[in-house]
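Encoded as structure tokens, here's the structure I'll be asking about.
In this document, chain identifiers A, B, C and D correspond to the written order of the chains, with residue numbering beginning at 1 in each.
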Amino acid sequence: MQDYSFDKTHIIDIPIEKAMTTENLQVFYGDNHAMHDASLQFSRYRITALIGASGSGKSTYLRCLNRMNDRIATVKGKIMYRDMDINSPKINVYEVRKHISMVFQRPNPFAKSIRENITFALKRNGIKDKTELEERVESSLKAAALWDEVKDELDKSALALSGGQAQRLCIARCVAMKPDILLLDEPASALDPISTAKIEETLQQLRKNYSIIIVTHNMQQASRIADYTAFFHMGHVLEYDRTEKIFTNPQIKATEDYISGNFG
Amino acid sequence: MNSKTTNNIATGIIYVLVAAVVGILIFLLGYILITGLPHVSWHFLTSAAQSFRAGGGIRDQLFNSLYLLVLTLIISFPIALGSGIYLSEYAPNNWLTGLIRTAIEVLSSLPSVVIGLFGYLLFVIQFRMGFSILAGAIALTFFNLPLLTRSVEESLEDVSDLQREAGLSLGLSHWKTITGIVLPAAVPGILTGIILSAGRVFGEAAALIYTAGQSAPIVNYSNWNPMSTTSFLNPMRPAETLAVHIWKVNTEGVTPDALSISSGTSAVLIIVILLFNLSARLLGNWMYKKMTATK
Amino acid sequence: MKKRSLFSTIVALSALGVLLTGCGSSSSKSSKSTSADSNVKITAVGSTALQPLVEQAASDYQKANKKVNISVQGGGSGTGLSQVQEGAVTIGNSDIFAEQQAGIKAKKLVDHQVAVVGMTPVVNKGVGIKNLSMAQLKGIFTGKIKNWKEVGGKDQKINVVNRVQGSGTRATFEGAVLEGAKAIKTQEQDSNGTVQKIVASTPGTISYLAFSYVNSKIQAPSINHVAPTDQNVENNKWKIWSYEHMYTKGQPNAAAKKFLNYMDSSKVQDSLVQKLGYISIHDMKVQKNASGAVTTK
Amino acid sequence: MDEIKQELQSSSRATHQDYFGKALSYLCITFVGLLVLSILYFITTRGLATFTENHVSLWKFLIEKNWNPGVLDSHGQPQIGALPMIVTSFSVTVLSALVATPFALGVALFMTEIAPKRGTKVLQPVIELLVGIPSVVYGFIGLSVIVPLIRHTFGGTGFGILAGVVVLFVMVLPTITSLSIDSIKAVPMYYRSASLALGATRWQTIYKVVLRAATPGIMTAIIFGMARAFGEALAVQMVIGNAVLMPHGLLTPSSTLTSQLTTGIGNTTMGTLPNNALWSLALILLLMSLVFNILVRFIGKRGSLKK
């Protein structure tokens, strides 16, 4: 891999309504400076893809957005959400995560029934009404395109689901919380092509009501589903633009090389 | 060919070793049950012990053992649970944590007689508890804590971090994630830990001689008031357990049937432990199924 | 819902644990403060050899005196004496005179002798010995005599099993037999039951036991042709015997005194004491003091 | 909109729960810490009294062979040489761990490598039951079966280190086995697959790959087993013979630290030299337990596979 300059970047501002933005976000794992000055704006009701090679910092960046890095890294800079810096220590992280929810790389359903996987967090957040809970289970499963497959076995263990189903359950679990923003960390990387296709379909559906930020190493996936794409390289954001632009006419050499498969 | 032969020989040796261990257990159980069971009768289980006449039973000892076990678990389990959660979820990776872990290990390898005497001087004498089930239960807590804490910690650590992240990312508090998601998934492991530690509590004698005492005063099984001195539930009464009874009968027993009482008691002790293991295992499976709703 | 109940169970359990600990200590305190009018608690701790007798007597006594609660525990004579000295227990049971125990201020304690226990050497049945002289016995226990044929038995090595240092049985035996000589270093056991088993099963073994532990599986030889019987102890023809003591710190309180009187009554002395293999204190025609001097009553 | 802003900036039930939970778990661990500290303090002060109050030289305590704390020797010095007990304790501990290890490894390998499903089903309860049998019962079986057996086979009285080793072997077996199982299970599957794919037989894989990788864990298991053996009292006391003599072999009666401690403690008076001397033995036990644990940490740090 050749050395690319980190000085030259091409990052656009989002003209339409913003879901959230970061300003000069930096991440340190001990002495290791893992993320440099990432300033990005995310559009509301759009899908934004974060692409880049392994270790480029895209997952690290994503995990900052709902403070999942709190315990393992030092995060500096601003994360603006609803005109507030949610990276401030005064912010209640648990509330943040209710609005900005995350789906992980490996499906991680709880060792509970399918129904309880969805209702568990809801009940903890004070939703006691049975019909309301039932309604949320159904709507979230439908939103995640899982309803038809599991509607008759809601009391079965979630551990018995296939990988793709489990991942969609994890998405449903997040959706049931009615968050603003969905963060997805390579949600399809551990899945087969058919499951991947289903997940992508699901995301297209969700896009109507949610702002989605998705990390992926699969460029086809990014080009298929994302409205905007950011390219990460060695802890820097080098390019951020509309997806067609990134894939047809990249402004930065590193992006071009990555997209054409020269490294990564 | 050569490596294949080695493979076969080695596998053979492993089979022999395993067979030997199983054989040892069968011998032990067989010996205890064959020498003991003929002396076990309904009368033996339901009558009080005799100081010098033949024909004494072990009713009180049997109850005391169970009661002591329950009390010990009531005291030690919550503490072990909290400590296990601390070590697995909150403990920073530094020298202090290392020190705490070492301290717990040291506690578990102390000879029981030392703990017994410590309990005797501190609880029986200093805190004026007298020889009592409670003092015994506290002394046994000393043994139980390290074992239980370790098993709670290990069971929690066995639960994948993905589960924690899932809980946190839904806006659940760290604590709720631990108690609501991680802990239920760790229940079978914790239960196994409880069984193992319960076995040790059940069989412990040296520490109890100085704390719970070695006499079984007459108690009234119809008196349900734990504050009354004659109640069987009173935690402040002295209580001899099965293991202590075996020890006492063998060392100082003057009853003519001391030998058969001790064999009979050993057999009962082993059977209770067997039953306990079995039921805890079933309970564990049942709970796991309930928790995970697997059918 | 299930998880919630699990968690609340845990919390409830822990609360109960704390509660019990709290109640425990408070109830023990309250029982202390109210002891004057309602229940009286007597704790007797110490000698494991004396324990069965006191335990049985206490349980009989409590049947007639419901208000009294007597708890009898072992722990060894040393424990009994040091605890009664510290006032931690009402009565300290001991196999030996307080004067003989290092670290005990005997003057502060009041001795109540409740029984006499005779002790006898016991040998494995296979050695073929029915009588030993006192000198032979001393020779065996000091290690000068090493083979049974030297004292008229089989050609077999002598295996001496001693009792634990500081135990009452050993103090009595060594006082009567060794006369200040040092015992051979050898196996030591701390309980009558274990010694009984070892002597019965190990060829060539000699040890000593309280009379009540002698059974048909072991041989109790006579010494200088005096047989180990209660009668011979009562008139001191058999020298190896001691008292069983129940010590109180100063004069006992009323409740303890009543119980100690009961121990001395013919009800206990004439039946229970004998049933348990002791010799009644009333039958003794001689008495022994702490330094071992014997006088007729 | 404002409502959400408000929520984000103020603490919620979740934050309270977290404080509560954290406080609860800190409380528990502090309690455990205090418990350990108090018992350490207790034993240390009592154990040191022999040297500080009775002015016995520590050196003499460790290397002299005469143990007779109640009696003064010809120079008016108390005889408290703990060497015979130290030697015996170490002998039974090391020997029983040596004997138990192959068996433990055999069982562990059977349960992890050879027949994981069936093996676990049968052997897990076996191990748990071995733990469950009380040491009193082990002691009496030792006394009524092992001691006579040794006497008939080798002569002598049957009491001694050998009998102690046989009893302890069974008692430490579950400890070593279950900890070994854990460490063998921790060896990643792909180590095995890689080795098998290279054409190695199962035994070669076990011996060259699995056992190699699990060695630190197995060492830890053995040391924990030794710690258990070192501290065991009642069972050993019944079969070791309790003679405070330097062991002359495996068949002569001798005495371990624990057996001397248990038999003597009830017959001595608090605060006197014989009693203090026994607490010094307890202190040795405590220190040894510390040493074992430090060893475990050391091994864990050097060869840790997990972290």
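We take it that contacts are C-beta pairs under 8 Å (C-beta built on N, C-alpha and C of every residue); 3 or more make two chains touch, one makes a residue touch a chain.
Note that the coordinates shown come from a computational prediction; the quantities given were computed from them, not determined experimentally.
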So the chain most remote from chain C by C-alpha centre is A
Given the two chain pairs B-C and A-D, which is bridged by the higher number of C-beta pairs in contact? B-C
Suppose every chain is reduced to the average of its Cα atoms; which one is closest to the average of all protein Cα atoms? B
Would you mind pulling out the distance in Å between where the CA atoms of chain B average out and where those of chain C do? 32
Between chain A and chain B, tell me the centre distance in angstrom, where each centre is the average of that chain's C-alpha atoms. 48
Indicate the whole-number Å distance between the mean C-alpha point of chain A and the mean C-alpha point of chain C. 78
Among chain D residues, those touching two or more other chains are 13-15, 18, 262, 265
Listed in rising order, chain C residues that touch 2 or more other chains are 3, 48, 74-75, 86, 190, 194, 197
Name the residues of chain A that each touch 2 or more other chains. 94-96, 120
Using the touch definition from the top, list the residues of chain D that touch chain C in their complex. 68-71, 143-144, 147-148, 151, 157-159, 238, 241-245, 253, 255, 262-275
Which residues of chain B touch chain D in their complex? 3-4, 6-7, 10-11, 13-18, 20-22, 24-25, 28-29, 31-32, 78-83, 85-87, 89-91, 98, 100, 102-107, 109-115, 117-118, 121-122, 142, 145, 149, 154, 171-176, 178-179, 192, 195-196, 199-200, 202-206, 243, 246-247, 250, 262, 266, 269-270, 273-274, 277, 281
With touch defined as at the start, can you tell me which chain A residues reach chain D in the complex? 81-84, 86, 90-92, 94-96, 99, 126
As the complex stands, chain C meets chain D at residues 48, 74-79, 81-82, 86, 101-104, 159, 164-167, 182, 185-190, 194, 197-198, 201-202, 205
Taking the complex as given, what residues does chain D use to touch chain A? 1, 4-5, 7-15, 18
